Amino acid sequence: MLTILFDGVAYGMLLFVLACGLAVTLGLMNFVNLAHGVFAMGGGYITALLMNRAGVPFLATLPLAFLIPALAGLVLERLLYRWLYGASQLDQVLLTIGLVLMAVPAFDYFLTDQAQQIHLPAYLEGRIEFHGVSLGAYRLFLILVCGLIAALLQIFLVSTRFGAQLRAAVDDPRVAAGLGVDVERLFAVAFATGSGLAGLGGALAADVVGGVDPNFPIKFMVSFLIVVAIGGSRGIAGAFFGALLLGVLDVAGKYYFPSIGAFIIYAVMVTTLILRPQGLFAKGGA
Amino acid sequence: MSAFASDEAARVSRHLLRRRRWRPLEIAAWLAPPALILIFPSRALLINEILILGLFALSLDLALGFGGLVSLGHAAFLGIGAYTAGILASRGVNDPLLGLLIASALAGLAGLVTAPLVLRGADLTRLMVTLGVSLLLGELANRNAWITGGADGLDFTVGRLFGVFALDFTGRRAAALYSFVVLFVLFALARRVMRSSFGQSVQAVRQSRLRAGALGVPANRRLIAIYGLAAAYAGAAGALIAETTQIVSLDIFDFHRSADVLLMLIIGGPGYLYGGLIGAAIFVGLRDLISGATPEYWEFWIGLLLVALVSVGRERVEAALARFARRPYLTRPGEAAP
Amino acid sequence: MSGGTGAALEARGLCKRFGGLTVTDDVSLTLAPGARHALIGPNGAGKTTLINLLTGVLAPSEGRVLLAGDDVTALPRHARARRGLARTFQINQLFPDFSPAEALAVAIAEREGLGADPLREAGSRGSIVAEIVDLLGRFGLLADMDRATRTLAYGKQRLLEIALALACRPRVLLLDEPAAGVPERERQDILAALAALPADVAILLIEHDMDLVFSFASRITVLVAGRILTEGPPEAIAFDPRVKAVYLGEDAHG
């Protein structure tokens, strides 16, 4: 029971790192980025390839799994995304579906459709007994790393000048621009950071989800959207609780009610959206 | 000739009824599919697919192009239609027309029931709710294998149309012609409904909800109605898939289905009824062409097309195309039809 | 309880608060049938908010709206429109892809209860066509009747706003700055259209142009910061020192 809760929390934390970038793009630019999973997949591939082909140790690959997707995010943001900030959400959906459709065959073409497995270092494998509860070492590692990232993000947003500007821009971009905030640069940096975190999440997730393959963006798009739907499109905290809830529900659901499986999660998503169109953890009001 | 009190009245009436007549180009276009089916029986399967996907895209056009309701889960209704027809056939109710009618009615009902959810919130909520509903239904079909066949799919035998024409693989031509007739009848109906007072008021709601409400148009009721109609059309498309392939599998609910139909409609252009059909022909045609050379990777090119289309700006592309080859039905009011 | 005053439109104690901000504060207003009433006040006085409360775009925090004596406070806006409450918008709310004839057809068909007819077109009904021609003629839109609304000159669009409201055959018409932003040479058309509005329709006009207000209205309400400052005939308003103070700023106090 506790083990399941623990696994669920670990999975939820992972989902948070994967999806928080999406929550930021949605909250900040009101931009529907269905291609968010592409960056996560990129991070997963970077780690898998560096480990399997170049023998780089797992931990050493993680910075690159963050930096390269972040850079790619920055480039795409400048090239394509920024033109559609004011556009209809239909256009945003179309652009990003287009990107997914391009990315999936491209990864398939260059890297085959075989899932890339990663082999965790020995110190992250195995289980740890803790007060009679058996905890997977890697799960514990995930909770620590993702928790650290979440905490850093929160501190960053609450107590730095950049964070304050970001929050101001989320509340009202026009007012923020009027106060001299360079909203466009803010958007670009936030977008790149979110993409980088997705990449890092993808790298961390590679083991949990049984390797990365080119269909990753589509498989996980739904999970990301559920996190954002439950958490509300605004704010890191909403996404954090949304991710935890989804993680625990998913793991527990698969364990206790294997026969209805994903049904629970979809039902929670639809119910949330019906009851609270702005998200379960969104601030009150319209 | 003048049933009207004045020349002005005759002019206004002519203007309002300008889309009533079928233009020569339209008639020619509608003659093409049956001719192709008869001349190239070996391509009947491909043409059948285009016709059915065209109907599916037409259905999305009713919701999106006319009602302004975006959806990322339109496959929900395709799936309801397909499974209804399939389950009926597997339980012995295998008259194709009856199956089509029941499938379409059930899907339409599902549309009416889910429409209030879709009307809430902004586009983003709408996209997620529609996606969520289709995933939910897919999972439901997956878990109720006793009736749907689950992951193995459901295969069955459909009876002969009017007791004469087999619709299975041996009757590919008959199947394609059947799909064609269904598509044409439903298209002609949609064409009429969209010109009617009801259809015009739906379009009014899309263009300005505020003004439509101020004129007394009950916006929500109209949108629910058009969404239900769109769902019924999608259900008919699903039933056609089931009846002409005689198998239904879970992938009918896939996100891919919903995304593809959106792409088809966007490629062809929403809001003038022909967009979905043109888009389906381009989409399936491209796939056939490209996958001959590089199977598996053809979606890359569709993706590229989409990114280019959106980046250049859909309105600009559509305006350029409209200038290039005047569309038979679209002729925006401003262009004063000849 | 029903009003029983014979008023075409009555607002009783309307309040609207957004969070802690009160934008409409205890506003009561009565329009007799056929009234020519103007609502004036400086920018931000809450004039458009009041119209939105009357028409049901916004729900009031307190107070009631009565249309011909019936309480319509709980009714959605399309139901109020059907009971004879029409409006124009300060910022054009038109159907950009429709021609004026098509837009009017939608309005008339809806009024006649044909809006849900899925088969017949408005253009095949002689009475609707005749009424469209009549409205187009009265607002000088006949020549442009088949052009997309978004391609019309701004002044023509303003006229279409009024024509659409009239197509509802209203008992009460709320005009939200009908002449706002209209270039001078098209302005005369708007003024003529206002002067020719049917005498039996009660009209509430919001306008900044004082010449227009004083030539049009037989009664004027002055709204300041969400409250009614004063109400009376034009002569009284014109010489009211408080109104001058509001419009001229502090100088007028001297």
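Here the chain labels run A, B and C in written order, and each chain numbers its own residues starting at 1.
Here is the rule we use: a contact is a pair of C-beta atoms (placed from the backbone, for glycine too) under 8 Å apart; a residue touches a chain by one contact, two chains touch by 3 or more.
Being a predicted model, the structure only gives us computed values, none of them experimental.
S.K.: Once you draw an edge for every pair of touching chains, what topology comes out, line, ring, star, complete or other?
M.R.: line
S.K.: In terms of C-beta pairs in contact, which of A-B and B-C ranks higher?
M.R.: Comparing A-B with B-C, the pair joined by more C-beta contacts is B-C.
S.K.: Return the distance between the CA-based centres of chain A and chain C, expressed in whole Å.
M.R.: Whole-Å distance between the two chain centres: 50.
S.K.: Roughly how many whole angstrom separate the Cα centroids of chain A and chain B?
M.R.: 34
S.K.: As a quick test, compute the distance in whole Å between the mean CA positions of chain B and chain C.
M.R.: A distance of 41 Å separates the two centres.
S.K.: Touching chain B in the complex: which residues of chain C?
M.R.: Listed in rising order, the residues are 55, 57, 76-79, 81-82, 86-87, 89, 93-99, 101-103, 105-107, 109-111, 114-124, 126, 129-130, 132-133, 136-137, 142, 145-148, 150-151, 164-165, 167-168.
S.K.: Going by the contact rule at the top, pick out the chain A residues touching chain B in the complex.
M.R.: Listed in rising order, the residues are 26, 30, 32, 80, 83-84, 88-91, 93-95, 97-106, 108-109, 113, 218, 221-222, 225-226, 229, 233, 259-263, 266-267, 269-270, 273-274, 277-278.
S.K.: State the interface residues of chain B toward chain A in the complex, per the touch definition above.
M.R.: 64, 70, 72, 117, 120-125, 127-129, 131-133, 135-136, 139-140, 142-143, 255-256, 259, 262-263, 266, 296-300, 302-307, 309-311, 314
S.K.: Mind listing the chain B positions that touch chain C in their complex?
M.R.: Per the stated touch rule, the residues are 3-6, 8-9, 11-13, 15-17, 20, 192-193, 195-201, 203-204, 207-208, 210-219, 221-222, 225, 332-334, 336.
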